[in-house]
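Presented sequentially are two complexes of subunit A, the first with subunit B as partner and the second with subunit C.
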Partner chain A sequence: MADTYTLISSVTVGAGGASSISFSSIPTTYTDLLVRVSARATSGGGWSDSTITFNGGTTYSSRYLYGDSSAANSGSSASAIVTRGANGNSTTANTFGNSDIYIPNYAGSNAKSVSIDDVTENNSGATNSAITHLEAGLSASTTAINSITLTLGSGNYVQYSTAYLYGIKNS
Partner chain B sequence: MAATYTPLATTTLGANAASVTFSSISGSYTDLVLIAQGQGTVENYAYMTFNSDTGSNYSNTILTGTGTSAVSTRNSNVTKIYLTPYYGTFYTDFSNITICNILNYSNSTTYKTSLIRAGRASTGGGTEASVGLWRSTSAITRIDITASTGNFVTGSTFTLYGIKAA
Partner chain C sequence: MADTKIVVNCETGEVEELPLTADEIAQRAADQAAWEAEQAAIEADKQAKAEAKASAESKLSALGLTDDEIAALRG
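Up next, the complex of A and B:
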């Protein structure tokens, strides 16, 4: 039986850094998409937020759960999907956070759901020094996703940050 | 390189249904991954049982984010694994998503553990991370996913993948 977990594209940030990471011209030949990120930012404390947009759209919402080294919290947004898997500038050097961004049925005609699992780590006892974050996101668009952009709220992704886009087929 | 992430079965509901079954699951993989997306005909949750076992042989520990608060709950000696609480009728957005990893499902010496991530961004939703345990040493050959009340709606999708360690 065919292996259906296929690398579509990858990005490795170069020496100059980058404020965003994008994938475009995503084929519709898969069932689900997975973006797997290893990132560090020039901004932020324990982590840096990045918004996720599809096809340049603007209608998003999310609900999230996170632990920030001091408490477990939950919140929601009526305007954005956010990944928090980039280690912030003040964290332990050479440490990169990780994110899994899973998008089922991305080429279908329903609104698009997203599951995000983020972690950053930091050798510090300070409050808010690291995060584990789980988010459910929703794009109201019913158009097939053909581009994905992660944009840092401030600063840049540092060199050697990576993002891999995989396509997963259900048959 | 050998194929290590293989679709075993997929169901897209052609009509509303109260449950979905994956049966005759091959024992030739190491782990299973269940991906589900959809909505319910009423506000309900989905639960999971293995090998048609309806005894009190399951337990769960759940961390839930409601959108305003974080809470943890525990269920011991129950008859099911709570898979996701967020199937519902709000909007028609199919915004529920569930990712469930079932580890070492085919061995015949240990109990079976599941790691679950679930969520729904729209009204009434939230996010959830949980672990489920089935106290059986039997290899898992069947998975039933059932709506607590009402049905899963037409168009809801359920896919089971097998992962090989080698």
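Up next, the complex of A and C:
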């Protein structure tokens, strides 16, 4: 039977806020990883972007679909993997967005795929609020992932933002 | 609110909260600027294509093609 969702580590942002959250020394004993984030940012409007990096590397690309309170959209990047699940500073006070970042075969010796599923708070009239965002990312690195960093483009994650890192085994 | 980073060591469970170095602050700003520039270029390209499409459809309409005929051309 699959041994799923073993919590590896978690963190809650303290009163001073933080511009980035990293998990280091990730064990290679799982098949997949899941980072589950609940976040709010001091920046942005309806949402704030966070880049995701592995082992401090730089070779990323992505394609995404998203819809917000005004339109559906799509796009791509030749340089970054981005999660959009942090509520921005114009959303309803004290609400947080959510992100699931799934990384299969993270310890393998091939390029790494990443799937991201984000939603932000939707009970707000803020411009660009209520985003739903799906992204397919690729890290060209063939090195096993031993660290993951989420960095807000600007501003800080506010107090009580959380990140949970789960390891998933297929046996 | 100072720019800090939180680092969780999954092996030891230790959680460190550290100030960003000047290089890290500069890199973060550069990365954000590059991301915004890339996305702006993509949006501009999409906008240009949409405007070209509208212009082409307008010209086809002026030539006497119906909306159904223009749609059929789009496939």
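Following the convention adopted for this analysis, the second predicted complex is superposed on the first by the 163 of 171 C-alpha atoms of A that agree within 3 Å, B and C clash if a C-alpha of one lies under 4 Å from a C-alpha of the other, contacts with A are read in each partner's own complex, and residues count from 1 in each chain.
In this text, a residue touches a chain if its C-beta (ideal position, glycine included) is under 8 Å from a C-beta of that chain, and two chains touch if they have at least 3 such contacts.
These numbers come from a predicted model, not from an experiment.
Visitor: Tell me the contact category for A:A18 with respect to subunit B and subunit C: first, second, both or neither.
Guide: In the superposed model, A:A18 contacts subunit C only, not subunit B.
Visitor: What is the contact status of A:A140 with respect to subunit B (first) and subunit C (second): first, second, both, or neither?
Guide: A:A140: touches subunit B, not subunit C.
Visitor: Where does A:S90 make contact in the superposed view: on subunit B (first), on subunit C (second), on both, or on neither?
Guide: Neither partner.
Visitor: Which partner does A:L165 contact after superposing on A: first (subunit B), second (subunit C), both, neither?
Guide: second
Visitor: Should A:S113 be classified as contacting the first partner (subunit B), the second (subunit C), both, or neither?
Guide: A:S113 sits against subunit B, while subunit C stays out of touch.
Visitor: Touch test for A:S76: subunit B only (first), subunit C only (second), both, or neither?
Guide: Once the two structures are laid over each other on A, A:S76 reaches both partners.
Visitor: Does subunit B (first) or subunit C (second) touch A:T59, or do both, or does neither?
Guide: neither
Visitor: Touching subunit B and also subunit C: which subunit A residues?
Guide: 75-76
Visitor: Show which residues of subunit A lie in contact with subunit B when the two form their complex.
Guide: Listed in rising order, the residues are 1-5, 31-32, 61-66, 71-76, 81, 102, 104-105, 110-111, 113-115, 117, 134-138, 140, 168-171.
Visitor: Subunit C touches which residues of subunit A in the complex?
Guide: Per the stated touch rule, the residues are 8-11, 13-14, 16-27, 42, 49, 51, 75-80, 82, 149, 151, 153-154, 156, 165.
Visitor: Inside the complex, what are the residues of subunit B that reach subunit A?
Guide: Per the touch definition, subunit B meets subunit A at residues 1-7, 10, 35, 37, 63-70, 72, 86, 91-97, 99, 117-122, 125-129, 155, 157, 159, 161.
Visitor: State the interface residues of subunit C toward subunit A in the complex, per the touch definition above.
Guide: Going by the criterion above, the answer is residues 1-13, 15, 17, 20, 28, 31-32, 34-36, 38-39, 42-43.
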